[in-house]
Each structure stands twice: as C-alpha cells, then as structure tokens.
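Got some structures for you, see below.
Two complexes, one shared chain (chain A), two partners (chain B, chain C).
And now, the complex of A and B:
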C-alpha cells in the first residue's frame, strides 16, 4: 500500500521541465521518422482544392500573405502548398502583404518555391510589397491597382510588369487567397469586388470563427493551420512541410492527452491512498 | 569534414543561422527557469520587431504613398496629410492636446463610415444564409427526382443542429428580461453550446501553439543541423 502511494505521489511530483523535455524529444522523433499517418480530407480543404482546380492557365490570383515569423509553423506550409498548386495550374499570381514583416518573409519563401517550379518573377508572378492600410488598400485596388500600389517590391512600376498585362483592378482577378494569423479576411470579404472568390488560410486559433464565413459562402474554402496544409498536400500528392508538421502535432497531442490522463489518475489515487 | 564546414558559422548565412539558434535557445530557456539571458533576448526581440517594422513603414507608406505622389506626380493636395497626421503627437501636450483630437475624430469618423459597408457585406450574407437553410426534405428544397431522399438527411440534420444552437445561444444573450422557466433552461443549454464552441477554439489554440514549437524545432533540425525534414 505504501509502495503504491509513493508511486502516485512521485508521479505527481514530476518536474514540469521533464515533461517539456519529453515533449521536445517526441516532436523531434516524429519529425524525423517516416511514419505515415492516415488522414481524411475535411470538406473546407476539399472545397479549397476544388476551387483552385477550376482555374484556367493564364488566370490571375491575388495572394494576401500577412504572416510573419511568429506563425511560421502554420502559415509557411499553407503558403508553399498553395503556391505549388497555383504553379501546377499555370496561373499567374501577385502577392501583397499588409504586415511589414510579412513582406520580406513571403517574398523569400515564394521566390524559393517559384524557382523550383520554373516560375519567372515579373512574368509569372510579382510581389506588391507592404501596403500600410488594409481597408484603404483594398478599396484602392478595387478602383485602380497601378495607382494604388505604384511599384512592386523591386521598385518596378506595376503597369510595366508583364504579369499585370490586362489587369487594371481587383475585378480582373479570379480569386484572393488570404494567408493570415490576423483578421484581414473580414476586410477582403467586405470590400472585395462582388465576384472575387475568397479562399482562407488561417492559423488554427482563428479557424473556429471562420466557419460562419464558410457556411454563408463568403469564403469558398479553408485550410486550418498545419493540419489543413497536410490534407491539402495529400490532395496535391506532393509532400511539403504540412505532412511532417501534422504528424508531429498528432503525436504531441497524443502525448499531452496521456500526460493529462496519468496526472488525473495519479491525483485520484494519491487522494484515495490518503483517505481523502 | 564537409558537414562541419556547413555547420560552423564560417560565412554570413551561417552566422545568421547561428544567431537565430542562439535567440531560439534564449527564448526557450524560460521553460527551465526565469533568467537574465531570456529577459535580454525578449527585449531584443521586441525592439527588433518594432525597428524592423519602421523600415517598411518609411519606405512603403511614407515614400510610396506620400512622397512619390507629391513630388513625382504633382499631387500637391497630399502635402498637408503627413503634417496633419503628426498632430496626433500633440496628445502629449497639455496646451495643444486639442489638436490631436482633430486627427482622432477624423479617424473615428472614417472608420464609422466604413463600418456601414463592412456590416452590410459581412453580416447580411450570413443572416441570409441562416434564414434560407432548408429544414425539410421537399422537392422545392432539394433535387429528389432520383428518389434518393436519404442522401439529404445529413444536410437537413446539420441545418437543424445549426438552428437549434443559434436560437439557444441567442436566448442566452437576451438581456431584456429575466430568464425564467423554459427560457432559463434554453439559455442554460445555450451556455453549454457556447462552452462547446469555446472548447473547440481552445483545442485549436493548443494545436496552433504546438505547430509554432514544431516550426522552431524544424528550423533547428533543418537549417542549423542540416537534417532534411519533409518535402519543404
């Protein structure tokens, strides 16, 4: 009886730093080992994929990338998967950031992915840089993009970019894909041209609130964090960062649930042993 | 030998990687215990973030949106915009504080005006979607010419759940009269439904935080130690 009480008591007294260490090791293991985790594609991800599949070569898409280093674990897999799909469909795209840090980080990652896919800057895609005012920026682009943006991230006037041939306003775009940890999608929904389709890549924290937009059709599809990116990569049949990240997330959650169960059992048993 | 050359900070790129690795370890050292190393890098991070954001604001906001139209395109009407915006800093002056209120008033007015458009574009489609949800399987609501009525059952069931949750939660947020009898019971159910929603949001938050940690560990493994992870 005494020995059992000691075990439960010791379990309760485990230093939280040891639990952190176990969690770190768990993540490293499941990032590295090639274990396949079967997943089901959720309807929002399927809709996201199907909407992009409907694009025709030469169509133009706006990617609104508003994330910075703080949410790289969730938004980078989304961004890279989306860009790969756009390149596969041979559509043109332009990128804009309403966050100063997002400008450089999105330019760097998209430059790398587009180089792999043979996309040429200026001809197939362009980065409009950072625009300080979200609502004013969107409203300006609805009327006249070259007058609102003026020049791209490299200082080239927008109107001179080959990718912008035949594009004057946001109404000339087929869709906007908002990759963001902030509330930018509401502004896109509110101020976009009526026929511009909105696709949404939020961080997991924001996803629950976005289901109302999905339900009403204001958002055509959604990738929820790294898990959404993984499901999307499965549809694309191209493994990116989402797959190992989602695997590590799944096993970390399993570990945390195990810790919670063990902690509760230990608490219950130690109280019982003390006659409480 | 080649691995060591790629690993050590022998060029600018590797110095950058090592610097970010040191920052990462410094920030995560708080998990061990409170320490000055963590505090220093926390302040460094906040300062860098603020300083970094200032650059794009100067080059892309002031230069692109104000300087270029003013000096290159001759839009002289833009000239008073920035000085007027600077009135905001009179908030620190007791004597001229009223001048900052001019800017604040303009901002509030503009945002209030924009809100009308935002409300109509954002909320009305949601109201329309809610009110037009089909709750019965009829030929008017669904295509049942193939005789397969059952395939629409999950959708109708989902709509019922949506409407029940909505009404229960709205009842909970009705403050015009005291909740008594059946209304109180519906409001209690609404509160439980809210808890389910908040629980889902919290679960997603845990997932998000875990993804951020994984992103950082991925950086240490791939960029610092050179171990390939995934196809990214």
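And now, the complex of A and C:
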C-alpha cells in the first residue's frame, strides 16, 4: 500500500526534464520511422483544394507569405504544397510579405520549389518584397499595384515584369492565399476587392479563430498547420514536408493525452491512498 | 491638394518647402516643449493627438461622392505614410537605445557583459550582410561569393534554426503544463479536458486510424445514410473522431470566437476613443 502511494506520488511530481526527454524521443522516432499514416481530408482542406482546382492556366494569384523561422515547421509545408499546386495548374503568381524576415524566407523557399517545377522568375512568378504597413499596402494595391509596390525584390519596376502583363490592381487577381501565423487574414477580408477569393493557411494555434470566416464564406478554404499540409499533400499525391511533420505531431498528441490520463489516475490513486 | 507631382519643378519646390517647414517645426517643438510647464505640455500633446485622429475620423464620417471619396480621402495615404515614418523613427530610437545600453555594459564590464559583446557583434554582422544583400539584389552593389556564403551562413544556417528552435520549445512547455494542469477537479474542468482531448485526437491522423481503421466507421456519407439519419451507419459516420472534432470547431468554437471578436471590437472602439481624447492615464 505504502509502495503504491509512493509510485503515484512520484508520478505526480515527475521532473519536467523527464517529460521533455520523452516528448523529444517520441518526436524523433516518428519523424524517422517510415510508417504510413492514413489521412482523411477535412472539409476546409477539401474546399481549399477545390478552389485552386477551379483556376485556369494564365490566371494570377497573390500569395501573402508572412511567416518567419519560428513557424517554419507549419508554414513551410503549406507554402511548398500550395506553390506546387499553383505550378501544376500553370497559374501565374506573385508573392508579398508584410514581415521583414518573411521576405527572405519566402523568396528562398519559393525559388527552390519553382526551379524544380521549371517556373521562371519574372515571367511566371515574382516577389514584391516586404511592405511595412498591411492595411495601407492592401488598400494601395486595390487602387494601383505598380504605384504601391514600385519595384520587385530584385529592383525591377513592377510594370516591366512579364508576369504582371494586364494586371493593374488586386481586382485583376483571382485569389489571395494568406500563409501566416498572425491575424493578417482579417485585413485581407476587410480591404480586398469584393470578388477576390481568400484562402488561408494559418498555424494550428491560429486556426480556431478562422472558423468564423470559414463559416461565413469569407475564407473559401483553409489548411491548418502541418496537419492541413499533410492532407493537402495527399490530395496532390506528392509527399512533402507536411507528411512526416504531421506524423510526429499526431503521435505527440497521443503522448500528451496518455500523460494527461496518467496524471489524473495518479491524482485519483494518491488521494484514495491518503483517504481523501 | 494632398498629392504633389514630385516630377515637376513646382512639385520639387513644394516638397522642399514642406520638408524645411516640418524640420523647423520639429526643431522648434523641442524648446517649446521644454519651456512649457508639465500641464501645458500635456495639453499640447492631447491637442496634437486629437487633430491627428480627427483626420481619420472625419474622412470616415464625412459624406462621399460617387467614387466613395470626400475632400479628405486623398489625405489618408500621406497620413498613413507619416505613420510609417514615425514607426521607422521609433525603430531607429530603439536600435540606438539597445546599442547604447550594451556598449555601456561592455565599457563598464558589468555582470554578464560577454552577452552584450555577442549581441553587438551579431547585430553588426547581420546588419552588414543584410544591407549589402538588399542593395546587391537591387543592383546597387556587386553580388559576390563572399556575400552569398556569409548571408547563407548567418540566415539559413544560424537565424532560421535558432528561431525555429526557440519557438519549438513551446511544445515542451505545453506538454509539461498540460500534464500538470489538466486535472479532473470539477465538472467544468472535466468538460474542458474531454473536449480538448477529442479535438487533439480528432484533428490528427490518429483520429482517422481509431475511427476508420480500427472501428471501421464509414468515411463518406451516402445518400441512403442522409435519408435515414438514425440508421446505425449514419450515427457511426457522425461519431467518427474527425467528425466530432470538426463539429466542435465549427459549431461550438466558431460562435464563441465570433462573440469574443464582437466584444474585442467594441472594447477596441472604446479604447480608441479614450486614446483619441487623451483620457487614458498613460498619455495624459
């Protein structure tokens, strides 16, 4: 009886470093082992995919990439999967960042992915660089993109880029895809031209807030973190970073739940042992 | 009225005059502020705050023409540009403060002054390569192999992994906190814990494995199931963990989020009015 009480008490008072180690080992194992985890596409991801599928070759899309290295685990798989899908649909796209670090990160990752897909910078896609003011930037682009952005990331005047032929304002775009760990999507919804479709790629922690926009139809589709990227990769039938990341996240959730249950059992048993 | 054609000679004269006027105003403002008693200083700041806010409020409330604009609408863009300039000045001020503090740490060899050395070196190195790279991308400086290697080393191989590591530490804290905090102590705590667990399992692949692979619940809803909502197959379809998680997020979470956003919006409006009228204690 005494020994049992000690075990439960020890479990309750477990050193946090042991918990960290267990989680670390769990993540490493499920990142490395080649286990196939079946996925069923959730409705927001299905809507996201179907919306992009409706694009025609030559259409133009704005990718608003506002994430920095802190959320690379969730936003990079989303960005890469989305760019691959846009290239598959032979759609032109331009990228803009409202975060200074996002400018370089998005440019580097998109450059790599577009090279694989044979997309040419300037002709098929362009990066508008960093814009400091989100609302003023969107409002400016609604009126006149070349006057608001002026130059792309390489210093070329926007109006001279072949990808921008026939494009003057945001109303000429088919959709905007906001990849972000912050609340930038609300500004896109509020200030976009009426017919511009909004697609959203938030981190998991931001997704809960976006269900209101999804419910109202203001956001046409959503990829939630690495899990959303994994589902999207399965729809594209092209495995990227989302699949291994989501596998590690999935089993980490299971581990957390297991420990929550264990903690509650330990609490119950220790109270019973104390006669409480 | 608010837009000046900077390409013309008249425009250039106007811009020069405006810049000089602002400079004189700014330089004259410092001795005025120092000469005024604290009460007068506060009144002057409140007056400037009120008129700055009035531009945006009046532009929103004044009647508009067919284009949706009034006589103040063209002033909004320059006003927002001014905000960016003020933001840039704040950034410069912050940088100056940071460097000053850490240089003082080094000179006076205060405790842990080694960290200040690391900060200054990292700041200068990263700043040097970033500015060089930005100018090189625009063709104003030469792209060299040294620049490419240096920037890749600092950005791709140092900044990105360091920041990602810092952020990922949250997962470990959450694991530890969830283990200690999620305890069944009341009915409310139990409901919260149960709901959290359903969402945590339901949104990840494990929910699919349990519901569809182990329990064999139907993945798709057929027309027959829709016609018979109380059939066992339809009940099973709706009881799959991913379906429950999605229902919680859409039917329970979304209305609550909406209510919170309305509350935050109203509170934001009240706070904005207080700031505009300098009723907040912090600035009066």
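Please note the rule applied: the second predicted complex is superposed on the first by the 275 of 276 C-alpha atoms of A that agree within 3 Å, B and C clash if a C-alpha of one lies under 4 Å from a C-alpha of the other, contacts with A are read in each partner's own complex, and residues count from 1 in each chain.
Throughout what follows, a contact is a pair of C-beta atoms (placed from the backbone, for glycine too) under 8 Å apart; a residue touches a chain by one contact, two chains touch by 3 or more.
Every value quoted in this text rests on a predicted model; they were computed, and no experiment measured them.
Engineer: Based on the superposed arrangement around chain A, label chain B with chain C as either clash or fit.
Structural biologist: These partners clash in the superposed model.
Engineer: Looking at A:190, would you say it contacts chain B, chain C, both, or neither? Reply first, second, both or neither.
Structural biologist: Touch partner of A:190: chain B, not chain C.
Engineer: When the two structures are overlaid on chain A, which partner does A:244 contact: first (chain B), second (chain C), both, or neither?
Structural biologist: So A:244 only meets chain B here.
Engineer: Quick one: classify A:218 as touching chain B (first), chain C (second), both or neither.
Structural biologist: A:218 contacts chain B only, not chain C.
Engineer: Looking at the overlay, what does A:252 touch: chain B (first), chain C (second), both, or neither?
Structural biologist: It touches chain B and chain C both.
Engineer: A:31 contacts which: chain B (first), chain C (second), both, neither?
Structural biologist: A:31 contacts chain B only, not chain C.
Engineer: If you stack the two complexes on chain A, which partner ends up touching A:150: first (chain B), second (chain C), both, or neither?
Structural biologist: first
Engineer: By the touch definition at the top of the document, which applies to A:62: first (chain B), second (chain C), both, or neither?
Structural biologist: neither
Engineer: What is the contact status of A:227 with respect to chain B (first) and chain C (second): first, second, both, or neither?
Structural biologist: Both partners, chain B and chain C.
Engineer: Quick check for you: in the superposed arrangement, does A:73 touch first (chain B), second (chain C), both or neither?
Structural biologist: both
Engineer: Which stretch of chain C would you flag for clashing with chain B, going by 132-140, 150-158, 240-248 or 258-266?
Structural biologist: It is 150-158; the other listed stretches have no clashes.
Engineer: Output the chain A positions appearing in both contact lists, the one against chain B and the one against chain C.
Structural biologist: Overlap of chain B and chain C footprints on chain A: residues 20, 24, 70-73, 101, 132, 135, 151, 204, 207-209, 212, 215, 224, 227, 249, 252-253, 256.
Engineer: Provide the residue numbers of chain C that touch chain A in the complex, in ascending order.
Structural biologist: Within the complex, chain C contacts chain A at residues 77, 80-81, 83-84, 87, 137-140, 155-156, 159-164, 166-168, 171-172, 174-176, 178-180, 182-184, 193, 197, 200-201, 203-206, 208-209, 212-213, 219, 242, 246, 249-250, 253-254, 257-258, 261.
Engineer: Provide the residue numbers of chain A that touch chain B in the complex, in ascending order.
Structural biologist: Interface residues on chain A, with respect to chain B: 17, 20, 24, 27-28, 31-32, 70-74, 76-77, 80, 100-101, 103, 129-132, 135, 150-151, 186-187, 189-191, 203-205, 207-209, 212-213, 215-218, 224-227, 233, 238-245, 248-249, 252-253, 256.
Engineer: For the complex, which residues does chain A have touching chain C?
Structural biologist: Chain A residues touching chain C: 14, 16, 19-20, 23-24, 37-40, 42-43, 68-73, 101, 104-105, 108, 132-133, 135-136, 140, 151, 153-155, 204, 207-209, 211-212, 214-215, 224, 227, 230, 246-247, 249-257, 259-260, 263-264, 267-268.
Engineer: Chain A touches which residues of chain B in the complex?
Structural biologist: My answer: residues 31-32, 49, 52-53, 55-57, 60-61, 64-65, 68, 114, 117-118, 121-122, 125-126, 128-130, 162, 197, 200-201, 204-208, 210-219, 221, 227, 229-232.
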